[in-house]
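Worksheet: the structure to be examined is printed underneath.
In order of appearance the chains are A, B and C, and numbering begins at 1 in each one.
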Amino acid sequence: MLEVTIPSFVQIIEFLGTFAFAISGIRLASAKRFDWFGAYVVGVATAVGGGTFRDMMLGTTPFWMTDPVYLLCSGLALLCVILFSKYLIRLNNTFFLFDAIGLALFVVVGIQKTLDFGFPLWVAIIMGTMTGAAGGVIRDVFINEIPLIFRKEIYAMACVIGGIVFGICMFFDLNIFITHILCGTSVFLTRILSVKYHICLPTLKDG
Amino acid sequence: MLEVTIPSFVQIIEFLGTFAFAISGIRLASAKRFDWFGAYVVGVATAVGGGTFRDMMLGTTPFWMTDPVYLLCSGLALLCVILFSKYLIRLNNTFFLFDAIGLALFVVVGIQKTLDFGFPLWVAIIMGTMTGAAGGVIRDVFINEIPLIFRKEIYAMACVIGGIVFGICMFFDLNIFITHILCGTSVFLTRILSVKYHICLPTLKDG
Amino acid sequence: MLEVTIPSFVQIIEFLGTFAFAISGIRLASAKRFDWFGAYVVGVATAVGGGTFRDMMLGTTPFWMTDPVYLLCSGLALLCVILFSKYLIRLNNTFFLFDAIGLALFVVVGIQKTLDFGFPLWVAIIMGTMTGAAGGVIRDVFINEIPLIFRKEIYAMACVIGGIVFGICMFFDLNIFITHILCGTSVFLTRILSVKYHICLPTLKDG
């Protein structure tokens, strides 16, 4: 019997984030003339790659192996790119927003899951950052480009800032729900503002 | 006491498949001027990389750590490339056949192992595809090329088709041996026919 | 209460090795115009990447998740590159020495840990080699170059030679301390001598 359940707020955000991450992978893959299957693999890797490495390091089963929704969501993203590719450019701002929302949620999920496994906060911040940012690194390795997040606007650093906010909330013993909201919001705002004002980290000069 | 055992049919196929996968990695590495050790590493990664990621995701010890035959087989492949490199081109069709046979077997092994760990069929199909196709992706990342399987004739998709055939056999409650044969055969035929008739998946047009 | 403990000889060597590995990652990243965060990630991946894959294959928690010293050490390396980049070239020989010392120690640690987990020697040699050499491969994948260790002077092969020496010591039932010293020394000397005399492994000619 198929059960129809109303998705929770978190599930909706997770779906949007996965969708936006997959879209970014699929579009970059298609610019490199990947076929549908290759584009789908890159889309999935972008969406679930970070959380997969997190779960392998935590010693638990990768999250997407317990619920097919993430792969279906990536499939939906592929379908959208196939059907509506010429209209997608107009939606760039929408996808950017989805991506920033997804990033915020992935960081919160990654930190909380790591803490639930009994690791200290500094490990959790790293795992939150990995959940949010490693998918994009895997994507760029697959399409044979230098990972974008290592060179462009603040992205992974937004995850770290969110992690620090999470830690401050824990220090002041705030309610877990408020902690999650503040952490996610700080990731989201850092990301949005750094793109809006072209804030970059300094680069290194090789001696 | 050294026991001499007659290898089973499956072991012979597995050996041929590992050998063909390793040869493909070593030859591509040598085209990039890798030294012997580098070529060997790429050969091993091509041959066992997919199964290694599968086993890490399943939460079990990578299969090659329990039996040295896979690394020895890759070493034999290196020796063949060193000694007979100029004759190998004539054998391209033979290696292509070995590769397709190996692919078929790797998919069957990957699916069955994942089901044995209690995961549902859709996870098993993904793991079967990963067992067959991920080694080639790792190989192409090591030699700094865009992964071939994302752009050329049907390869990973052959694994998925084999997985679907596996699922259909399970649905009709067929004997496990017949299921394995039908799954492997469908992978093999899909691969052979797609190369013979240059069947490709469509590529995406970037909007 | 902050406890001040005098670090052991092994801890000092491990710190120097981690530092040298991180420096090599950070410098190569900065030559590619990575920002500070990207350079730090590449530095960390170079320093702990090999051991992380080893631990995931052994089925245990990656070592750096239990002690923040490795990430702090990489952070110190970043600080040094930022502050002293123009003086670092003069120290190339020093870093080369640190790197060779670190390589030797990483191999000993990787072999011993794998044996402690009950695996046979041949697995331990592979894991020792991976501990020492895989970080450099990950570094080169991140900066989108063909992994250097697959083409240049003897590097990974030095780890294998150290592993063989380890095995010989075990065969003769030598004291564990002497075994470690002899293994590490053979890695160190092989590495130093191969660079000094430009000893390379032969490359393959593609047929």
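Quick note on the criterion: a residue touches a chain if its C-beta (ideal position, glycine included) is under 8 Å from a C-beta of that chain, and two chains touch if they have at least 3 such contacts.
On a predicted model such as this, the values are computed, not experimentally measured, just so you know.
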Touch-based graph of the chains, sorted into line, ring, star, complete or other: complete
Copies chain C and chain B - interface residue numbers shared by over half, same or different: different
Distance from the mean Cα position of chain C to that of chain B, given in whole angstrom: 30
Interface hub residues of chain B, defined as touching at least two other chains: 56, 59, 141, 144
Residue numbers on chain C that touch chain B, as the complex places them: 56-59, 119, 122-123, 126, 137, 141, 144-147, 149-152, 154, 156-157, 160, 200-207
Chain A residues within the chain B interface of the complex: 26-27, 29-39, 41-42, 52, 56, 59-62, 65, 68, 71, 81-82, 84-89, 141-144
